[in-house]
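The structure that follows is given in the form of structure tokens.
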Amino acid sequence: MFRVLLILWVAIGVIPFPASADHSPKIQIVGSTTVLPIASRAAERFEKFEKIEKFKSSHRLRILVNAGGSGVGIHSVARGRSDIGMASREISPSERKRFEGSHLKVHTVGVDAVACVISSEVYDAGIRDLTRQEIRDIYLGKIRNWSEVGGPDRKIVVVDKERHRGTRHVFMNFIFGNPTAKTPGTILVTGSNNEEQTKIAQSDSAIGMLSYAWVNDEVRAIGIRDKKNIVKPTRETIRKGDYPIVRNLSFITAGEPNGEVKAFLEYLKSPEGQQVVEESGYIPFT
Amino acid sequence: MSSATFEKGMVFFLSILTLLVSSLLLIILATVFAKGLPALHSGFLIEASEDFGRAGGIFYQLMGTLILMTGAILISLPVALGSVIYQTQYLKSKTGKEICRQSGQVLNATPTILFGLVGYLFFGVYLETGVSWVTGSLILAVMILPTLQVSIREAIEALSDQYKETGMALGLSPWSQIKSIIVPQCYYGIITGVFLGLARAAGETAAIMFAATTFSGIRLPESFSDPVPTLQTHMLVLTQEAANPETLAQAWGAGLVLLSLVFFLTVMAWILRGRLKMEAEL
Amino acid sequence: MKNESHGVMLVFAGLNLIFLCCAGGLFFFLIFESYPILKLHGFDFWLGQDWWVGETYGALPMLYGSTLVTALACLLVLPLALAVAIFISEFLTSTSRRFVKAVLELLAGVPGIVYGLLGVSFLSLWIKDIFGLLDGNTLATAGCLLAIMILPTVLTLSEDAMRAVPAEYREIALGLGLSKWQMATGVVLPQALPGIMGAVLLGIGRAMGETIAVMLVVGSLDRIPDPWFNIFSSAQTIPSKLGREAAESIGEGTHWSALMALGLMLFIMVLLINFLGNRCLKGRSIS
């Protein structure tokens, strides 16, 4: 019996060795769930591209993509726990200070809009736009019922995001002028774009903030009203800069990238890479 | 109403409650199965996942879970065995034994998220094993230590004194006794502990989600520093997309596989425990 | 010969030491990592109600959530566990009893993430519909889910406690003309009470430490509900907070220290409860 265990032991210890001697290179990418679809799709295509064009050998480049949010992305690349951090917002001043020694470099690959979204039932009932002040009051808890803004008589389910999320920073910056604003009116806190989308779709009276690419039939984007002007988030308004809540989608490295990481970033900025950005529902940067 | 009728009524009521509680298991199983069915196609267990986990299979996730479990057992078993042997054969002082007992309870009761966080800090950051399957196995190994210890201790204590007396009468040193009497006789107890430990490690999510896993990009780990995808974290990510029924079905499918794994290991442990009792009665 | 034996003993002692270090090490690490924030804020950390990363850290909402959710689970589990334990222990045949115990052991092994899935897909929506809430992610949901999770453990230990009451008690009671029901509830149950207390405490310990299932259904809102007893509002527990935020600042910084301090609090609470629970179980142990 001991012999069986011993063999198992040796096997587990030895099996990684042959491969690690000739270790396949890998790129670790962590961060924003908004940027994640771009990274994942690009990773898939780049891996194939690498294999066919460049190496034609057992060297298979592996690109690991993980979620966590913009804050986690920035933190992990600054601390060397990942090669690239994905962020859907700017690096905050406090982060710049904290990670001074890491010399963070930002590589922007696309542009995205943050939409103020509501449950489709509320949208169908007539709410198509809100003013910045109204949104602010909803998140402050001053406006509690959809009827106060011309909607059905239903309590508003105010959905917020985890504080470090890029989408929240950008949204709050526009609504409150402060990326880390406090929102006493919040009923629920979600994490990734997926989770928020789910929650708003499941509810029939929710309001939230979501990357424009995640808008669908159940989760509708509303326009921002400013006196008589209503700006809805569409590819045109985003591209032209009319829609006010936009942000850069970036890949962040600690210092200048080189080797595989550099090649991957160049791929993202190339026409093929930009096509991936567009396919994921965002606006290409170039 | 006479008190006899009242009592009969109460007993009946209790029996219904018991039936409900027992059928809870069946309900959970049936639900997981029913919800997971749409995702279970013939290749589910052997295909890789596609489209952010919304389609395809869960092969690499299953492999990841199995790798973590196996690593955990291989690391934990010697420590568990060694420590229990020391405590039962060599340790004489009462305070010593008490400290050991309390330590075991501490490890058993600790919330698993703390294992994950402190474990990552200690193994992953300070010992620089990073976010990898090795870190995960180390953390799980610490976590299942008490589980293994309990079974091993049970087996050693069940050993009839006859064995000990025979060993001493033959003039054997403690080590010889351990080598030739205790360990071979406790074989079933040890293996029972192993299966229970595996079952516990298999389902654990909080302990490994920061320290060992990745959602995409890795198939099988190729070195000691690679993270792995696992069934548990796969399910966690998919659960957050609960509005999409296909994604959810994938999560349920993975859940069914995980549940089956845990149940299989537990049942195996029972069978072995039965053998242990049989042997002890001989 | 003697040297070999001695060497072997050292190996075993060493392995035992590793085991002891794991237990102690956890504790010391938590203390070490929490030190910065506790030095910075002191008592305010525990009483503060606001948790804004980068500004102020207040643990009260998390402590409150953890306590409430656990209390809720306990309340729901206790009557059910008692009732079913009485039935299994006193009214069930040996074979049926083994069957039910086996079922309970399997239930106890169901992974937390499966419960999480069940909670998100069913419990959340049911509670939302039944109580007409805005959203189903509430303290009540987490409490219910935890109750189901700890039920098998509490039940099986309670039942053990009842079985442990010596046969004489039952014989005497029946001999005195008491009915089975009266014997079970009037004689056996009171004797088994310490053991049952122990079972409940251990269940509480487990409920307090559960991360994944709670994280998915409790709402993750760092706020004490208004009014404080409103279990139908979203809130936050310590493990859920750790699960959601730890990735952001693992390893260093005030934020991490604050999270570790939460972890330390959780650790101490769970250990205390467990210690008491085990004490109760041992107290009346009659083999």
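In this document, chain identifiers A, B and C correspond to the written order of the chains, with residue numbering beginning at 1 in each.
FYI, a contact is a pair of C-beta atoms (placed from the backbone, for glycine too) under 8 Å apart; a residue touches a chain by one contact, two chains touch by 3 or more.
What you are looking at is a predicted structure, and each value in this text was computed from that prediction instead of being measured.
Visitor: What topology does the chain contact graph adopt: line, ring, star, complete, or other?
Guide: complete
Visitor: Which pair wins on C-beta contacts, A-C or B-C?
Guide: B-C
Visitor: In whole angstrom, how far does the Cα centroid of chain A sit from the Cα centroid of chain C?
Guide: Chain centres of chain A and chain C, defined by C-alpha means, are spaced 35 Å apart.
Visitor: Please tell me the distance, in whole Å, between the geometric centres of chain B and chain C computed from their C-alpha atoms.
Guide: 18
Visitor: Residues touching two or more other chains, restricted to chain B: which are they?
Guide: 240, 242, in rising order.
Visitor: Which residue numbers or ranges of chain C touch two or more of the other chains?
Guide: 247, 250-251
Visitor: Touching two or more other chains, which residues of chain A qualify?
Guide: 81, 191, 202
Visitor: Can you tell me which positions in chain C touch chain A when the two form their complex?
Guide: 52-54, 125, 134-135, 137, 219-223, 233-234, 244-245, 247-253
Visitor: Would you tell me which residues of chain A are touching chain C in their complex?
Guide: Going through chain A, the ones touching chain C are 68-69, 71-72, 75, 79, 81, 94, 98, 155, 157, 160, 162-164, 180, 182, 186-191, 199, 202-203, 205-206.
Visitor: Sort out for me which residues of chain B touch chain C in the complex.
Guide: My answer: residues 3-4, 7, 10-11, 13-15, 17-18, 21-22, 24-25, 28, 31-32, 35, 78-83, 85-87, 89-91, 99-100, 102-115, 117-118, 120-122, 125, 142, 145, 149, 173-175, 178, 199-200, 202-206, 209-210, 232, 235-236, 239-240, 242, 248, 251-252, 255, 258-259, 262-263, 266, 270.
Visitor: Going by the contact rule at the top, pick out the chain C residues touching chain B in the complex.
Guide: 1-2, 4-5, 8-9, 11-16, 18-20, 22-27, 29-30, 33, 80, 83-84, 86-88, 91-92, 99-100, 102-107, 109-114, 116-118, 120-122, 148, 151, 155, 179-182, 202, 205-206, 208-212, 216, 239, 242-243, 246-247, 250-251, 259-260, 263, 266-267, 270-271, 274-275, 278
Visitor: Flag every residue of chain A that touches chain B in the complex, lowest number first.
Guide: The touching residues are 1, 5, 8-9, 12, 16, 19-20, 23-24, 26, 37, 40, 43, 62-67, 81, 191-192, 194-195, 197-198, 201-202, 218.
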